[in-house]
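You will see subunit A twice below: alongside subunit B first, and alongside subunit C after that.
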Partner chain A sequence: MSTVNQGLLLDLLSVAILLLTFACLGSKLFDRYVAYYALQSIVLSVAIALVALRLDAWDLWALALLTFLIKGIGIPIATRRYLIVRLELKRDVAISTGISTSLIIGAVLTAFAYFATNPSSLPGGLVASSSVPLSNAVILLGALCMVVRRNTVAQLIGWLILENGVFLGAITLVATFPFIVEAGIFLDLVAGVLIMLTLVSGLAHRLATTNASELQELRE
Partner chain B sequence: MTLTLVILVCCLPLAGALASILGAQARGIGIATAAGGAGALAAAIALVAHILSHGTYQAAVGFVYVDPLSSFFVVTVAIVVALAGLGSISYLCAEEAHRGLSRVQVRLYGIFFGFFAALMLASLETGNLGLVWVLVEASTLASAVLVAIEGRATSLEAAWKYIIISSFGVTIALVGTLFLYYSASVLDIVPDQRLTWPILFANAASLQPASVKFALLLAIIGYGTKVGLAPMHTWLPDAHAEAPSPASAMLSAALLNTGMYAIIRFQALTGPQLGRYGSVVLLVFGFASIAIGALFMVRRRNFKRLFAYSSVEHMGIIAVGLGFGGVLGVYGALLHTLNHAIGKCTLFLASGEVVLRYRTTLVSEVGGILGRAPVIGTVMLLGSLAILGSPPFGLFLSEFTIVRAGFVRQASLGFLLLALLALAFIGCAHTVAAMVLGKPRNETPPAAASLRSVGAVPLVIGLAALLLLGLWIPGDLNTLILKSIEAIR
Partner chain C sequence: MTSVALQILQSAIVVIFAPLYAGVLARAEAIVQSKRGPSVLQPYWDLAKLLRKGSAISENASWIFRIAPFVAFSCYLTVSTIVPIITDQPLPLAFLADLIGGAFVLSLAGFVTALAALDTASPLGGLGASRTTWIGSLAEPALILVFFTVAAVSRSDNPYFENHTVAGSISAYFLPTHLLGVVAFFMLVLVENGRIPIDNPTGSIEISMIEESRVLEYSGREYAIIKWDGWMKLFLLSSIFMNVFVIPWGLGHADSIAGGVEGALALLGKLVVCGLAIVVIDCSFAKLRLFRIAEFIGASFLFALIGIVTGYVIGR
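Our next item is the complex of A and B:
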């Protein structure tokens, strides 16, 4: 495949990742959150594989495989089984803004990401320059998910989306990150998800709720 | 030789974790934790001596890197680990006797306490900023388990808030690290070295300017969340109040410092490109933190929250010291880091002893500690005076240095700092005096039988060290701080 086509494909994959983030932002069902996240992670792993093909780097191949197995399959299944099914979560009612409002805010944030990291201000060394503002938009939208959703499970998904945005930025901006650091980041992510899963189920057990808005005993 | 010391420093704290995995009792886990901490401190002091005489140590393409600045932070954190390890003995024994913690919880405490300490110390011994990020985030995760360990609804809530806000913040710092890596792509070095601090520092003037600025801002906001700089401090009071007291001591006196260490490293890289830009950002966040900390210290009802807000204030003071800059400002900031670490560690351990006796963290239910437990009452009173910056304790000296640096930079900022410090003094002293000196209000007899006098040991050591640092700064410490400043200029 020619370099131009690869760059174009990478841009398209980045756009797909952004659209899946918007889909998650516009949904109200816990099942969908997880499904969109899983799909997004799989698209991300394809994007990483594309960069690996281009740079012919074994550690990126390993990263693509890890992303597919852990983010695309492992984390979604664990979240589904241990939180959504066991706690019988269906509709997310604890959203502080309406869906349309959060979509509009999301659009504004995406525009902001484009202005803040204009591809032309970051010359040289880029695999696909238009992926950088897209990845920043995904980071901002993940943060938005965490802010407007008050349910702890939804906040967890928001953080995972944000992390995907960081990875998208990482492979396009700095494809040759030291492998030991990449592996460490991945390990942290897995450990973090495990601890968060335990915390959420502990909270659900104690309070019979997973809504962070009802966590207010510590207010003083 | 040096490598052995480096490894010892970050592996010895795992002794407590090992004892837990092997199935020791609470007492055994406590003693192993304390011994591991003491061993780490001894190794850290030997490491400092070695660095002072032989200069910076570097191995494995900068993945292991110890210069005077990192050895200064290593020894500060090791002191806290040693004191909090000692404090763990009485905490674990009392909680086991009182049935506050199950056997599994005691073991989890031992394991995660050990890993928390080891990861923090390791994060200070690497020169690769990506690895720094990995280790800082890992230590956040380990400490979140400690916050939740008592299993109450409130502690789970605090742990959730802590982990979600901190992970979010630290992820921002990761984006900053990515931009820093990108900014180094203009340099003619192998990709693996683009996050190696000494190499970046040597080439700081030729990094790509736009992304260096991004990197600095994102790092200050991201690691600032860890440090507890306002307005990113909201997780801090909850986590500090809900964690077991030795863990609160570690959070406040050690973890916050590792975040500040990362910020110092980033700021040092941006000097040649951005000039005083980083200092101004630090001044803004620093003054905001002092103001928020001081205001929220007024009329606090929970004494552990009171000390937590005091940590926000002190991190602000350190940031302001770094922001004022110059040898004087940075000297004050580093000295203040050490003093605050010892002081706040002592205070949290003392409040842990109070909690074990009164079974409450509410100021209104504690009164007249001095009559019931003279040693703890004295430490609480003198420790609070010390942390508020009264002479003759160490914090007076370091705050004074920072204020002086402020007057050198701009007199109005110096006055502002003084006014905020006075406000903090009034807010905090009022509450602590009522607790220590007031009439005893709790009629139930304290469960003194299960308490051991070993709990007083770290308190007395900490207070003595604070007093010593107020009266006399050892020559080697002075050299170490001056060399640390040199390393980042």
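Our next item is the complex of A and C:
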């Protein structure tokens, strides 16, 4: 496969990741959040595998496999089983703005990301320079997800999406990262998810809600 | 001489085959729903019956009500001359308008139909006119953005340029900009033709109708023309979708009649594909609640917008 086609394929995968982020931002059901996140992670693992094929690096193959197993399968299943099913979460009602408004803000953020990291200003020789602005857009949209959603589970998904964006940027910008750093990030991620699971379960247990805006009120 | 003949052939194909396309869609939908359904020629029998009948027009109706079906019909006929339907080279009248001009002509047709619906002051007509205008006002920006994605791919808003660019190189076909434009345009085809999930084309409950409630007052010959208008619109938008966006190959050359006929046969094959997609969507989704329609069109807008910005970033 030629280099041009690989770059094009990577562009397409990055756009798919961005669209899945928008799908998550435009959805109201917890099941969908998790499904979109899982799909996004699988697309991300394919993108990493593509870069691995291009650079012929074993650690990137390992990273692709790890992404697929942990983010594509492990975290979605854990989130579904321990949070969504156990807390009987169905429809997210704790959204601070309307869906349409958050989508419009998301579109503005995407445009901002494109203008902030124009590929022509990036160094040459990258695998696919257009993935960088796309990954920035995913990071901003993940942050937006955490801002407009008041439910802690939805915020967890927003954080995970943000992290996917960081990974997408990392594999295109600094694909020759030492493996130990990437593995460390993965460990952080798993630890973070575990902490969030405990935290949210504790929150639900004490307050009988997972809505973070409840935390602003003082209680005895 | 050949080009004039091809021009006439192209418009004739739109006028003649539009009812057949609608009939095939209705039949296929019935089959998917395990029903037998009407004959695929049913639209022609409807036209034959309605054209023979006289029409009853409210005495409060003005001339707008009488001419609206014909104005809309000529709008669709105009569009049929300017877009690539059977040939991949512009025919003599194609200089009239580009994609944006074509969209103007299409909205003129929608405008006169809405005026006619308001003209008799029937409550359901007013309801339908209000709803279609609201949906149109949302769909129009998205449509313009889809044309911008076309422009980002082919550096022109001429449908023939887009057709050649996309047909000419596989990497242009797989540009994210183009693929996002395809999705956005398909959603708009559903919106513009009032298909599921926007409106139920076979629905008969007046209060939930959108497109159909505009034409409730018509009868006889005018009603036949109005129905024909709707079928032509579906046929035209489907062929633009297939010929410019999805399958830009297989159009005939404009230097011989045989090329045109070949292109026409290929078009019928492509429309089977497009019709299948529409039927699958019609049968597997429910109609959206009225205020969710804005989100549906918003999604189309978003696809086109991301496509444009991506095109700007990736370049060609």
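Rule of thumb we're sticking to: the second predicted complex is superposed on the first by the 215 of 220 C-alpha atoms of A that agree within 3 Å, B and C clash if a C-alpha of one lies under 4 Å from a C-alpha of the other, contacts with A are read in each partner's own complex, and residues count from 1 in each chain.
Methods note: contacts are C-beta pairs under 8 Å (C-beta built on N, C-alpha and C of every residue); 3 or more make two chains touch, one makes a residue touch a chain.
Since this is a predicted model, take the numbers as computed values, not measurements.
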item: Fit or clash between subunit C and subunit B when superposed on subunit A; value: fit
item: Which superposed partner A:Ile180 touches (first subunit B, second subunit C, both, neither); value: first
item: First (subunit B), second (subunit C), both or neither touched by A:Asn118; value: second
item: Contacts of A:Asp188 with subunit B and subunit C, given as first, second, both or neither; value: first
item: Which of subunit B and subunit C A:Met146 touches, first, second, both or neither; value: first
item: Partner chain in contact with A:Ser130 - subunit B first, subunit C second, else both or neither; value: second
item: Partner chain(s) touched by A:Arg206 [first = subunit B, second = subunit C, both, neither]; value: first
item: Cα-centre angle that subunit B and subunit C span when viewed from subunit A, reported as a multiple of 10 degrees; value: 150
item: Contacts of A:Val166 with subunit B and subunit C, given as first, second, both or neither; value: first
item: Minimum C-alpha spacing, chains overlaid - subunit B and subunit C, in Å; value: 18
item: For the subunit A and subunit C complex, residues of the former touching the latter; value: 4-5, 8, 11-12, 15, 18-19, 22, 26, 99-100, 103-104, 107, 110-111, 114, 118-119, 130, 133-134
item: In the complex, subunit B residues that touch subunit A; value: 63, 128, 130-131, 133-135, 137-138, 141, 144-145, 148, 151-154, 156-161, 163-164, 167-168, 171, 174-175, 178-179, 181-182, 185-186, 191-192, 194-195, 210-211, 238, 241-242, 300-302, 305
item: Touch list for subunit A against partner subunit B, complex; value: 121-122, 124-125, 139, 143, 146, 152, 155-156, 159, 162-163, 166, 169-170, 173-174, 176-178, 180-181, 184-185, 187-188, 191-192, 195-196, 199-200, 202-203, 206-207, 212, 215, 217-218, 220
item: Subunit C to subunit A touching residues, read off their complex; value: 171, 174-176, 179-180, 294-295, 298-299, 302-303, 305-306, 309-310, 312-314
